[in-house]
């Protein structure tokens, strides 16, 4: 009798699959962690790596909405922008220390997520369009607030000393927290419930899944991290203005990096961000003028030729690896 | 105050006519192809830049740019269809992937216009004689009146085409039941290519009119027109051309009257607010019409 | 013995169309109740009302003596109601094991115990070899088996099967019939919906005939077979 077909054999096989999965997760997490840890020590390009971590975090959080829950929030930048302004206003107007202000950015993201929660009953294109419109509303509301709060069109100077290395390490902590959360989510019961709801919400409901609650939890996770990213970036650049904080290109890049890697896996958005940010950097240096054009063309090519992303395509070729790759 | 309101109504009708054209072409595209064209605003602004280029290089008056825009955008749309769409239909979720793809197209088109025309706002330095006309107690620029006339002719022609001609009826039938139309033996690919080309042509022509009606445009104004297009399309019911016509005019009126009563900066918020409210409360649009899926 | 499921005066309208017009039903533990009727008789609507996807306009649904009318679908599921669908609705991009775990996600049991049970259930349904595949990779018949396995995972008291044999290969059909018999033998109440009379007559202890949203006859297989109203509804006009 082959060991596969007995209960005991199956549980041994399961344990070894889990071991491979977690070993891979530890290796990837360790590599990423050590690599970024030594960037400032070895005096590598801090700006490049700061933004690489930012995009990994953004794309991973977007993945919770798009890959796990099946929503395409084309107004994802709303969370980022509101997070940036929360930190900036708290530091500038109320004199908060930055590290204390950052958690409030996350809270602001979650509150915004709660405000947007009624849109979760929409799906597909309706959700995408409404999300886009809500991001527009957020930008307009903030840019119409009194200048002494938001700094008006000149932007808001945080006024604290810029500390690139400190903000670099804080960004790293945020990224690791995000990756840890998503690694947990992908294996957790909440993650399974989210995927079931994504695939067929009505059926999941009849199978006993509290669809509204599950969707909300997933949505709030996806809202939290971009808001914190916005706060950290505000600290890093020391200035916030509505045009850059709510720039639709932020959403565009997040979506593109996440899709390039492949939605629905933990590694997808990491791989996508690393590849695309690196390509972006190469292109930017060579042809700064063509950057926008190439971003657009890359998006089209991606949709046409690699709609499942890098990791998604590999897993389609090798379905048996799904159990081992986080 | 009365003059202001009257002004708002007249300008609302004119601007609304433009919005209606944008909405009609966008909704046609969605209805037939299930594509939400994020790049529609860039198509429109592309038409504006075409008129600008023809006027500043060849001295061609904007009215003569209309047929040039129609033909070139029709051809461009036809080509773009065969280049982009067939592959897309094979994807897991064509509707949302098309949204993402057209997002890319919109970025690329804006970038191309930026490379050619740079970021400054442009306007066509052309004026009709007389510059403005008196309509009742208020003055309206001749360019706006001419543009409105063209809008009416185009909207009427499009409606006639959709309801009275065979290809137009086939398009409407596709919107209502894409499966059945295949069984009946209509060449869906050709029909879809035609729809894409037609919608592009209307967008291009609308762009020329935008150059006449609005004070200025730049490579990044496209996004605003896309959003307005979405609002109009959703208000009118996805895939409903007549709904879009009505919704466009209503939205133009609402926007122009909002600028009379509210601070300038609030107008776009009103637009976004209408969009969100309609989708959440009445996703079938004001006329309660929804394309079958 | 008290009824596992009772339906009283259930009414459901869609605009001008009355889909259910005062349905009365009850079924007992270990009983297979066949529900027959032509297309449009209201069979699937009845099922959707029982499991809470549709809100009944009037009437009550009781599960194990508890009123569950107007509860949400997931609450009704937790009261021990499971179902399958006419066209399988599996979670396409999840493994078979994960599909089975969905109905038991809020149980207190530990993960390994649940996974083990999922594997045993898949074995019971002949799907064990495919356990790591995505559900979308299964054939139509296998997806029907997967739905049954998923339905059985939380050990429901009432199960509703919507056209389980439609488009299924005869060999598989036989296997499914055995499994349905095992469900009833294990004490579950089975509501079996089909317009295919042969399998219904073979499996059911009692049969209810639905026509135009009403139960026009209820009784043993033999009684239903010879009931003139049923014959009329099937062959009439």
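Just so it is clear, A, B and C label the chains in written order, and each chain counts residues from 1 on its own.
Rule of thumb we're sticking to: contacts are C-beta pairs under 8 Å (C-beta built on N, C-alpha and C of every residue); 3 or more make two chains touch, one makes a residue touch a chain.
Every value quoted in this text rests on a predicted model; they were computed, and no experiment measured them.
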| item | value |
| --- | --- |
| From chain C, the most remote chain by mean C-alpha position | B |
| Identifier of the chain whose CA centre is least distant from the whole-structure CA centre | A |
| Top-ranked pair of chains - ranking by C-beta pairs in contact | A-B |
| Chain A-chain B separation of Cα centroids, rounded to whole Å | 33 |
| Chain centre separation (chain A, chain C; CA means) in Å | 41 |
| Inter-chain centre distance, chain B versus chain C - centres from mean C-alpha coordinates, in Å | 50 |
| Contacts with 2+ other chains: residues of chain A | none |
| Footprint of chain A on chain B - complex, ascending | 36, 84, 87-88, 91-93, 95-101, 103-112, 114-115, 223, 227, 230-231, 234, 265-266, 268-269, 272-273, 275-276, 279-280, 283 |
| For the chain C and chain A complex, residues of the former touching the latter | 51-53, 72-74, 76-78, 83, 85, 89-95, 98-99, 101-106, 112, 115-116, 119-120, 128, 132-134, 137, 150, 154 |
| Parts of chain A lying in touch with chain B, wherever the complex brings them together | 72, 74, 118-119, 122, 124-126, 128-130, 132-134, 136-137, 140-141, 143-144, 248-249, 252, 255-256, 259, 289-290, 292-293, 295-300, 302-305, 307-308 |
| Contact set on chain A toward chain C in their complex | 5, 7, 10-11, 14, 189, 192-193, 195-196, 198-200, 202-211, 264, 319-320, 322-323 |
